[in-house]
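Below is one structure. I have some questions about it.
By letter and in written order, the chains are A, B, C and D; residue numbering begins at 1 in each of them.
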Amino acid sequence: MPPSASSEQLTFHRRGRALPVKTIKGRAMSSILIIEQILNGLQFGVMLFLMAAGLTLIFGVMGLINLAHGSLYMVGAFAAAAVAGWTGSFLLALAASLAAAALFGALIELTVIRRLYARDHLDQVLATFALILIFSEATRWVFGSFPLFLNIPEALSGTLTLPGGIEYSRYRLTIILIGLAVAVGLFLLISKTRVGMRIRAGENDREMIGALGVDISVLYTLVFALGAALAGLSGALVGAIQSVEVGMGEPVLILAFVVIVIGGIGSIKGALAGAILVGLTDTLGRTMLPWVFAVFMDPAAASSVGSALASMLIYILMAGVLLFKPTGLFGSA
Amino acid sequence: MIRERYLNLLIGALLLIVPLVALQLDEPFIITLATKAAILALAGVGLNLALGQGGLVSFGHAAYFGIGGYAMGILASHAQDYAPLMEAPFLIEGTNLMPVIWLVAIVASALAALLIGALSLRTSGVYFIMVTLAFGQMFYYFTVSWPAYGGEDGLSIYVRNQFPGVNTLDPIQFFGICFVVLMAVLFLVNRLNKSPFGLALNGAHQNEERALTVGINVYRLRLVAFVISGAITGLAGALFADLNRFVSPTMFSWHTSGEIMVFIILGGVARLFGPVAGAAVYILLEHMLGGISEYWQIYLGLILLFVVLFAKGGIVGGLARREVRHDG
Amino acid sequence: MQKTKMAKMGLKTLGAATAVALAMAGAAVADGHAKVKVGVITTLTGGGAGLGVDIRDGFLLAVKQSGNDGIEVVVEDDQRKPDVAVQLADKMIQSEKVDILTGIVWSNLALAVVPSATAQGKFYLSPNAGPFQLAGKGCHENYFNVAWQNDNLHEAAGAHATSVGYKNSFILAPNYPAGKDALKGYKRMYSGDLAGELYTKLGQTDYAAEIAQIRASDADSVFFFLPGGMGISFLKQYADSGIDLPVVGPAFSFDQGILQAVGDAALGVQNTSQWNKDIDNPANKAFVETFQAEYGRLPSLYASQGFDTANLIISAMGKADVKDQDAFRAALKEADFASVRGKFKFGNNNHPIQDIYVREVIKEGDVYTNKIISTGLTDHQDVYAAECKL
Amino acid sequence: MTDSILRVDNICKSFGALKASDSITLDLKPGEIHALIGPNGAGKSTLIKQIAGGLKPDSGKVFFDGRDVSQHSTARRARAGLGRTFQISALAMDFTVLENVVLGAVGQSGSWFRFFRDAMKDTRLLERAYKALDRVELRDLAHVRTSELSHGRRRQLEVAVALTLSPKAFLMDEPMAGMGAEGSQALTGFLEALKTEAPILLVEHDMDAVFALADRISVLVYGKIIATGSVDEIRTNPEVKLAYLGEEDAA
């Protein structure tokens, strides 16, 4: 489209009824709204954490970049939607998402992934890139080209009023709680249990753990399945308030990578910190920037410029972090 | 590997012969496909310099590909409706002359590579992969929401840009241009690989400590390689935009970065003609499988998977090595 | 060697594709009278595949029903990538030697393909996208839009909002050209104030932040244009937010293919469309029945547009030889076919002049669908027609 | 101390609580082999790293060839003439032997920003490379892939690469490690000859080799130099005895 057309577009905006700027300002900045937005950022971050945790765990233990992690997220969502469709039970759906994702995770670990541990990152990126193609189209082949239905369970639907008069979605609060529970669970798993000890050993020294007489390949399969299950779970949880469709895993995959890179690859703590940071940055950026620009711009243009910048914000954040800490916030070189 | 040289000649010859045959058979679309192959190969050659020789796994080369594309799109669109690019401080007109566009594309993408590389090369390993990816995404979202040049709609150029003495609208002649550019770049890259620079780059890839302890400033070395690599990919982007007479943000998407990588793996990492073989085969697959089934990408995925897992060294690697084995 | 093989096999598979399409079309090409070859470029893989599949199925159904053995169809998948679409167009024109191109779902792909296709003397019939660039200055005698100009449904939504007396709408759309056109279109026919105007990230899936702003605003209604998964996500989250402001939008987020995925969240939402399955005319009745019989699902807006596109072509074939461009163009322009949306005619810029209805999402048994509640705009034509020199 | 080529002046480096280098001072004089010995974990590698430039000391200075190089990068110190060999051979394994030494020559000549001349046809580079190969008697293997070399050969190649820099001093980290008896004997003889052209700071576990070679010995224990002196002085030094007896008991 030649520039002339786009300038025409802009004039259209100006012709469009001017928006009372102060409304947006006044409202967007009310303290209640800010708190609510912080809550939203937190919840978005927790969603990302569920996804990033598995990714970072798998990298930490096996040193593997898994682009197909987003596909496992999708598998979880589809499994949940299917089971919810048959049984109508959300809990069964969640269980199904965990099981299906873990199953497929173990499956690809046994057939493909374990051949990649010894390979360089390039091979890993490409093999798992190929897996994305396979998973996406296979899913479409099984479930068709149309989005699936997965809804919030009755018990969790609607909102409740938080102190300070904030109306907030029960379901989103639940997601926050589940996410934090998973975080705690992973900390305990890794710091307290035998498996955790082996995992830490695996991180530090492959030979050593082999010497311990631990069957490392079994351990790896387990860890990969665990990471996959987490992805599946988040797919199902998120699927209930988003669209369950082919390709749903890709945007969140990229975000999850940004998260673990910011947090330091291999560190659960880093994943949590990174996720919250990204969640807040993205949400607050989305809401604040257009308002900031509206101060000195025509509102429509401000909204479009602001959101344009907002959509780049987390990548700018990531680049910034890596400049000062090339191995992420909690990363070890 | 003397044998590899013959194989390279063969690959080059095939890329040249196919469209000529297609011309005889009056199958212009085959020519278009061959042109696409040549252009994507060029993009691959660019990445291969950083990735193959330097071991710099950039997951964001779509950025330079796209910048090259937009250099063409912006210049040509201004030329096409006679609106100067800028009046103040000094007048810059659009242009539809390929050589000028190429120059701008190269310079622009080189500058971007300099900036991105200077930042990214402070990291290594996965962090490098991911930070390059992040920069690619930045460009993607910027162009999607940037209204001036069409945003996600992209920019259509109604007539292909001109090259003195060539009718660029004739498929075979445009292929000729792309083929010559590809071969010229391959020649230069070959010299580069053999040069002290190439030796140092490759040495630093194999053993950074060693390169440092013989007094080589590895960071600067890699930065220069990264810039050259980005510039080549940018040139490819400009040609690609001219092939389609169209640019859009999809040139910046991370799928594009992934595909450029795929060409290299398919063809053979760090092999001079690897990207050429890889791009050609990839397009062949896309073209054939597309007709077979609605779910053709499953097959594509399986083939890629097979190559990565079992056909290490890719096409060139495989063939070249086998020939050597026949020897002894 | 291996490359020349590629050439051959390439051709073979093309042959295959054609054969398949023909089989679908159930036609046995024999006699000599002017055949028409149609290239359908549409999205059959990835996220937006549902729309492309519907357009294709609707199109092929019409071809099949016509029993016309003179029409030959080639279908290709553009993967929703503009550059792929451009190359497929080259392929269709250069090796398939098609007379007519159609099928593209997305505006940005249409903008990439249409100008060069029409410039090469091919007809392009748009079964879905209608970007303003091609309706105004950029209009072309060989470009026909059988769906709508992009702004139309949004304009209808604006008109509806005005007529039901909404005074303070909160409007949002993705931050890309089609999104900007949408808000532009709504504002053109909406006479109230704006409680807020938001552009969201393309492909965004979490709308908590936007919904919070809606809640905080003093809006009395919400208009949104969020195609595909974005709309599903928004509606689910909006319904869960407990906000009960009325929602208006274009048909895209309330279409047959999507509604089942949205569920109750969509019930009662009023949306604008130029077609619905309950429009009372024989063509439409037959279409809805046969489509269900053929594919085992209710037809969507997109299917109806694909169906109409094919019928338009077939009607023109009866009047003129496609090789005689002027005659065929005139035949197309007459739009002498039984559109499933009732009356249908082309304006000077070859875009539809048609009624646009207001539908409401209802539940029939356990299937979510729409029923028409009123006519939003009558004989509506897009504003760009004036700029078109045809 | 102007006559010393390399001088480490009061270097301190700690990792958290652990003092890896505790105000270390030592120097290397022309024509000598100065051996640095000490039990495992005494901080020998840490010290070498700080001298070579891979690691920045918390405090203290490194002087090389009369200049304070504390702030210089590894590459810059190498170009200044600090030749280094590694405990585990650091070589480009896919390169031929010749390519590895040419790489050294490239670094030395600073010609790594030449883009078009073929490095393996550049007479100046080749001359230098072959000279180095001759010194370690590897010319015959010039075109063998490095990964195919025996362990001992790789050690020799390491030295050859270092030689291409025509260094003013060598840093050698356990050159004897993993070499057969006669292998290390040969190397001993070679180092004897080498020290006349550039002094060697030698980190070595093989005590026989050290006592045979070294002109001076410094003993590093828990990040401290507990003694520096001639072979005999060190042999008879009680503290050293203690440190080593302790280690032998453990072993």
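The rule we apply is simple: a residue touches a chain if its C-beta (ideal position, glycine included) is under 8 Å from a C-beta of that chain, and two chains touch if they have at least 3 such contacts.
What you are looking at is a predicted structure, and each value in this text was computed from that prediction instead of being measured.
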* Between B-D and A-B, the pair with more C-beta contacts -> A-B
* Structure fact -> With centres defined as the mean of Cα atoms, the chain at greatest distance from chain D is chain C
* Gap in Å, rounded to a whole number, between the CA centres of chain D and chain C -> 73
* **Rounded Å distance, chain A centre to chain B centre (Cα mean)** => 31
* Take the average of all CA coordinates in chain B, do the same for chain D, and state the distance between these two points in whole angstrom. => 43
* Structure fact -> Cα centroid separation, chain A vs chain D, in Å, comes to 49
* Could you tell me which residues belong to chain B and also touch two or more other chains? => 141, 144-145, 147, 150-151, 153-154, 156, 295-297
* **For chain C, residues that touch 2 or more chains besides their own** => 44-45, 111, 133, 175, 177, 180, 199, 201-202
* Structure fact -> Residues of chain A that touch at least two other chains are 1, 5, 9, 136-137, 140, 304, 307-308, 311
* All pairs of touching chains? -> A-B, A-C, B-C, B-D
* Structure fact -> Contacts from chain B onto chain C in the complex sit at residues 14-15, 17-18, 21-22, 25, 27-30, 32-33, 36, 141, 144-145, 147, 150-154, 156, 158, 171, 240, 244-246, 248, 250-251, 280, 284, 287-288, 290-292, 294-297
* Structure fact -> The answer for chain C against chain A in the complex is residues 44-47, 49-50, 52-53, 111, 132-133, 137-138, 175, 177, 180-181, 183-184, 187-188, 190, 193-203, 205-206, 208-210, 212-213, 215-218, 228-233, 236-237, 240-242, 257-258, 260-265
* **Touching residues on chain B, where the partner in the complex is chain D** => 191-192, 194-200, 202-203, 206-207, 209-218, 221, 224
* Which positions of chain D touch chain B when the two form their complex? -> 52, 54, 73-76, 78-79, 84, 86, 90-95, 99-100, 102-104, 106-120, 122, 125, 161-162, 164-165
* Asked: Hey, which residues of chain A end up touching chain B in the complex?
  -> 1-6, 9-10, 59, 65, 112, 115-116, 120-123, 125-127, 129-134, 136-138, 140-141, 254, 257-258, 261, 265, 304, 307-308, 311-312, 315-316, 318-319, 322-323, 326-328, 331
